[in-house]
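Lettered A, B, C, D and E in written order, each chain numbered from 1.
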Amino acid sequence: MSEVLYEIDNLTKYFKIRPKLFSGEKKVIHAVDKVSFSILKGETFGLVGESGCGKSTLSRTILRLEKADSGSVLYKGTDILSMDQKELRSHRKKLRMVFQQPYDSLNPRESVKDIISAPLRLHTQMGSQEREKEVLRLMDLVGLSARYINRYPHEFSGGQRQRIGIARAIAADPELIICDEPVSALDVSIQSQVLNLLKGIQKEFGLTYMFISHNLAVVKHMSDRIGVMYLGKLIEIAPKGSLYLRPLHPYTQLLMSAIPEVKVKNPSGYRPITGELPNPSDPPKGCRLCGRCPYEFERCRESSPELKEVEPGHLVACFLHPGKEETSNG
Amino acid sequence: APTTPTTPSGTSAPTAAEIKDEVVIGISAEPATLDPHIQSGQATRLIKQNIYRGLMSYQPDNSKAMELAEKIELQADGITYKVTLKDGLKFHDGSNVTSDDVKYSIERILNPDSKATFGADFRLMVDKVEVVDAKVCNIILKKPSTPFLDMLALPETVIVSKAWFSNTANDPAIKAMGNGPYVFESWDKGREIKVTAFADFYKEGKPESDALRFVFYTDNATRANALRSGDVDIIDYVPSTEAIAFESAKDAVLDISVAPIMLLQFNVKTGPLADPKVRQAIAYAVDREGVISAAFMGRGIPIYGFPTLKGQNGYDGKYDNFFTEDLAKAKALLAEAGYANGFKIKILATSTYEMHKQTALVVQSSLKQIGIDAEVELPDWATRISRSNVGDYDILVSGTTGNILDMDWVTNYFASGEPRMNSSAWFADEEIDKLLEEGRTTVDEAERAVIYDKFRLRALELSPFVFINYREQIFAMSDKVKGFQNMDGILTYTSGITLENTTVAK
Amino acid sequence: MSEVILKVEGLTIAFRNRKESFKAVENIGFELKKGEILGIVGESGSGKTITSKAILNLLPDNAGVTDGSISFLGRELSGLSEKEMEKLRGTEIAMIFQDSKMSLDQVYTVGSQITEAILTHEDITRDEAKKRALTLLESVRIPNAPRVFDSYPFELSGGMCQRVMIAIALSCSPKILIADEPTTALDVTVQSQILDLLKEIQRATSMGILLITHDLGVISEVADRVIVMYAGKIMESSTKTELLENPVHPYTRGLIRSMLKMDTDLEVLYSIDGVVPDIKSMPEGCRFSTRCPLVMERCRKEDPGIISVSPGHLVSCFRSVEIVRGEALE
Amino acid sequence: MAKFMARRLGIAAIQILVVTTIVFVLLHMMPGDPVLTMLGSDVNHDPAVVEAIREELGLNESIPTQYFNWIKGIATGNMGKSYSEKIPVMEAIASRIPRTLELAFFALLLACLIGIPLGVISAIKRGSIVDTLLTMVASLGISTPVYVLGYLLVMVFALDVLKLGLPKMPASGYVDISRNAAEHYRRLILPTVTLSMGLAVSIIRMTRSSMLESMSGDYVIALRAKGVKRRKILSKHILRNSLIPVITVIGLQAGTLIGGTVLVENVFNWPGLSTLLVKAINYRDYPLIQGCIFVMASMAILTNLSVDIIYGVLDPRAR
Amino acid sequence: MKKLGIYLENRKFVISMIILIPLIIVVIFGNRIIPNDPLEMNTTMILQGSSLRFPLGTDEFGRCILSRLILGIRPSIFVALSATAIAFAAGSILGILSGYRGGVFGNAAMRVVEIILSFPPILLAMLIVGLFGAGVRNLIVIIGILYTPHFARIAYSNTLKLRKMEYVESEISIGSSLPAILFKTIFPNILASLIIQVSLTISNSILLESGLSFLGLGVQPPDPSLGQMIGDAKTYISFNYMYLVWPSLFLLLMILAANLLGDSLRDILDPKLKSNI
């Protein structure tokens, strides 16, 4: 098995919300709740889950753009969360993020050239001409015309902005790229082109990706392993083959069955999940899916299940699927 | 005062229906204290003179008149003054003014704790006060002193109520209870002081207005505008720039008096300025007309000798042109003193008062012409005062005047001693000290004239001061004001006494 | 046949730079009927967003409609004053923007922005408006609507912002809804719920929807007719089924081929060769000619215009007839 | 919120202590003697008298002792007695505070009323003649010294030198509101206008710049698409998005207004706190200076605190 | 060349240059073009109007106003620019840093800034003069200190708002150094407000110079300076109002140029020349 690059352990991020400025009523949103998983070197770790379940927050917390409330993120054994600014900076050399909302992540006062060359300037020794060449190459890779090099972000279409973000992310040989919906605004042809590109450089440079998307086909295509999040919790982790073939968690099953184009392929006759995503500031006490889960029983309401390995590499947090040890014991 | 269209007091009084019930006076400074025995600025005097009165006062005709005193007789011993009070004198609280109050007042001035301004002078002169009866008392001096009566005419030697002043509940600094024509009513800090007519005032028919309101205007232009816009009826300290503007105004009149002096003081301890020749050279060099035109818009009288005003004892104009403006002579004197190539020096003035600053600049330019390279220092007034007080300067620009009409005012300036505010630092001359002492104790006018003549010559030869010019002290008032008068010369500062005659037509 | 509510004819939109100007959209025309969902798909940067902004008269300062007409219920829109347009916007024609986060005012709560939309057009009390807003939030499947109502945009996830934008657009039951990639940030379950909601409203109020999307799956679920755009021009337009099953234009065919399906198991995904030509060096003839596998000499010189291959199926290609007949081989 | 306020107020107390301490130390290091200044320059002073006064005022104590005494006084709500005013510092200041605050308040209000709309207009019409003209007028406004402006206003409105026949304004002075409310406000007009000029200019300029910044946001397009009226977009959305720098400028100005209105107070003979401070400085009236600083610093710091709170109210991102 | 075009198209920029270029020439060649000795007093010719000998008349000492003006601009500009530069540099750094860092550091820095802000300007000036003496250098220091909090607070408040923008985070996430984040990412985005404050500060410095000259601050007389001339001239407004008008006019021109330049730079540097409304 290949080397573990990131070991995320019990990572927790709560947002305090003040509904009204002067009212003292305090609530917290469990955006990321004791999430543990690891990312292996050279793999693509896919992350899917209901909108608002905490995927973006999780990735931002790993990058230390949000301050974690507890838990740790070990990079090759050192805890990122306790690094000082200097260490962090050198650590970030190897990190990139493609943000979900592309426009917001582009400095309105920098031209595309400045934006894309920022990592080059920081992490390579290139001269300015070399840099410009490299920028042009990157732009070409993501299908942006060289003529746009001096344009500012507001002069682009949504998809073009997204591609600027991707070009910046792959510049200067990163080690890990966290892609938060990197291709959502791209037409399918360019989407394919970009996905090919990402895969290509992964192969070439041994890049690692954390890949967040709502497009399950894309996730499936890209990922080696996939994590499923629900309401701040990671509820299932599995190699993609096993996840798509045999989703174990009721929520994952729901997700799979809702894929638009895959019409009614319901091999194991999953019972559908009903109801709404519960309030993240007041989640159910036990399993987060309580109240919506067709298989729900007493225990689910009392305690929340832990992620357990039920098959090699396939972890799930559900009482329906007791872990390997438990099964053998019981 | 040269241009005085105001009616002298005593002309037919206007009927009550025609006059406003109060006179509003815009004064240039808020009183630092109302304590009558402390001289806290000329503007404040205007107020205090209407609340407190002394045994005597200076009058517009330069004479000394009796106020509370019916008469003051110098006894044969030459040191006892027998004071008899007028009948029916009352304080504002209704109590009588008695010899006890006189004794108390003079003792209060003598007591350093009271911080009375003329305490030091009194302590030199006065031995004690003896009460004879309720209306009569004797003031006994230590030795004969001619200027003593002038001292009694000063607004800072007024008679106060023993009862009120010795009551610690009353703070005379912020409240007042006297015997003058007006009763202290209120002091609205930062804004105004109001006084109202005292019904039991000892002068029949006075005061002529029901009330006076003194409004504080520190800014010159603002004060002038307040008069123009009719917010006030009289203003003090009209600067020369405003004076010129008022001269052409139809509904305002100026009342001008020539009194204060601009002069240079020197630190004579060491350096070039220790040499009287250098000081004389400066006296020859200073462009007096230049100062007058730059700092006073051409309004002022140059002093080429010793400043003595007409009316002061011993005035004969003899030393009016002791110096001329003569750069060649100045240079020659410098060369004689060994400074043919000039020297570097500092002139201390202040940025707080324009006229000081401008005077300094003109002097600087004059000195440059005789090769003296002067640098002008312009700190704020407080710094300037403390520095002048300890003699921390080379040349100091100063604007000042005497307090009393008597020639003895020069003692303040010329007597030897530690550096003081108004002395040239470290200046000391035995002969001058001797002449001053003689002048003070001599009674005979002719004799005194000779003494002061000698003094003046000596003073000019040594030139511890270089006198530059007299400047104008101006009141401006609306043409509806009657009875107010700017008194001559240094008496301009006691002009407040005429407010008892002042009315404003509606 | 039902009434045409929006008619775009010969629309040309140009951007003026400091010295030059270029046509971002050229001579496009389409109709939207009452109760119809018209899908627009196309290459990223082809002018979809610009076109929809032009309909609402919301082009940026440096852009302008240089030619053509847009009429709404027979009324020409391009001549309308800003005042008259204000009356139309929101009530008659509403729009969901692509970049939802940036399209919300960051300093007001989400709730106040929804109620504002309601109150702008309707004379009801604040409380009623709030109630309506909460209902709308729930209808777009936002969990814990009251909390979101009081949240600021930056406190929401990408998908939540998107749903808020949808709620705003739906708030006044417009006659036309222009939805610019409304579901990119939504997970499949929510996406299908939202699409259902749109369909439901559309059925109830016979609202016409202009649905811009890259997701052909979405098109296949909801659209009635589809327009395919490429480099500022319409390449093909037809009914959904016709287009998905019998695409004619080589670009459309390329797109459909690039589509990533759940069962795609390719290492390298298909994408159309080449890149969009530069606006400056845009071929005189067909704009796709630089990338077209079926290109002929003529394509480069002449604009093919619009050719009808079957009733309601328009294609801008010289070789459409051959393609339909299956004669053109790639 | 409560906790935040409590903490900030605590810090404010420390800040005020720091300010007054610095002032105290530096003041006593400065040349200038309160006693001599108080006694004036007209006569020579008896050293005995000077000494007596020094003793009475406690100026003979060591500086740390003096400081300690002052702090002790403050703690018990006693700021000492003013040398120059001869009354308790508290009293001297108390009567001035409302006058200064009133003037500052109205000037600020007027400045906002003029500045914000003009700034908005300038921004909407960016690059037009109107915009250029407004910049010119603003430049004129800011390059005219307060005393010149005040003087001109007095000339025109109080002295009517132009013979415009306008209703006559008083040139200067202050009338208690209890004595004559109408007159009180009439006399407030010219100083308020004079004082607000410079402020208005700062506000115009900052509003313009900031409006331009937020005008180009995408949310504006979205708002227009919602059908929100242009006027409302401007006044409710763009303006609020632009307000942070504007509020900052207003806050900064408000801070200076409390201690920096000397010139206006002078021209209009307005007996406010600034003139008192200047007088206190001129007299080296240590207790009064300390008292003024105490009050001014408190007000300035509270202003800043309110501005910080307003930031949060205006823009949740700044919380 | 193309860049220059952008500038020349901006009306405000052009006007500001029309004002600035002659002004700069005057400042540089002042000594050579003055008609009279600026220090020479002619006390017989005070406060005169324009004449051949004194093109702009004379002041209260009968000195040539034109000559004084030409030489007086130089120190005024020097003071204004240096003080503004100090305040701008110190204030922006402090403000951006504390806005970005927030937390204990940011709070502490801002509270310190407020301490400066709560000193009445006149007192601060007095203290510095009293302790360190008068003169141009101290004036620059005083104005610099006085305005540092202004820049700091403006930078701070704008940064507070920007700190949560994703483009700042994206800059952080690629491992940019702190200075790069502060000055390459945040600074250009708050520059607009700072530019406005610069032009305000320049004008205020010149006025402050005349306001504080009664403390003996600034250029020491008899050497001329713009602020001093304005301060002196006010007394003589009714004799020779042109004495006040001339220096005020120069001041106005300088400030106008500063404001126009500020505005035009602000607009030119804004890539979103489009505005949506």
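Odds and ends about this structure:
By definition in this document, a contact is a pair of C-beta atoms (placed from the backbone, for glycine too) under 8 Å apart; a residue touches a chain by one contact, two chains touch by 3 or more.
The structure displayed is predicted, hence computed values, not measured ones.
Shared contact partners of subunit B and subunit D, listed by label: E. When each chain is reduced to the average of its Cα atoms, B sits farthest from subunit C. Across the two candidate interfaces, C-D and D-E, the one carrying more C-beta contacts is D-E.
Measuring from the averaged C-alpha position of subunit D to that of subunit E gives a distance of 21 Å. In terms of their C-alpha centroids, the spacing between subunit A and subunit B amounts to 89 Å.
Computed from the mean C-alpha positions, the centre of subunit B lies at a distance of 45 Å from the centre of subunit E. Separation between the centroids of subunit A and subunit C, computed from CA atoms only, is 28 Å. Residues of subunit C in contact with at least two other chains: 58, 99, 102, 154. Residue numbers of subunit A whose C-beta contacts span two or more other chains: 101, 103-104, 154.
Taken residue by residue, subunit B touches two or more other chains at 221, 352, 379-380, 383, whereas all remaining positions touch fewer. Within the complex, the subunit D residues that touch subunit C are 217-219, 221-230, 232, 237, 240-241, 314-317. Subunit A meets subunit C in the complex at residues 15, 17, 19-20, 27, 48-52, 54-57, 100-104, 140, 143, 145-147, 156-163, 180-181, 184-193, 195-196, 199, 214-218, 220-221, 244, 254-255, 258-262, 276-282. Residue ranges on subunit A touching subunit E, taken from their complex, read 60, 63, 65, 85, 88-93, 95-97, 99, 101, 104-111, 118-119, 122-123, 152, 154, 165, 168. Touching subunit D in their complex are the following residues of subunit C: 53, 56, 58, 82, 86-91, 94-95, 97, 99, 102-108, 116-117, 120-121, 152, 154, 165, 168, 172. Within the complex, the subunit D residues that touch subunit B are 30-34, 36-49, 52-53, 84-87, 91-92, 95-96, 151, 154, 158-159, 168, 170-174, 176, 266-269, 271-272, 275-276, 279, 281-284.
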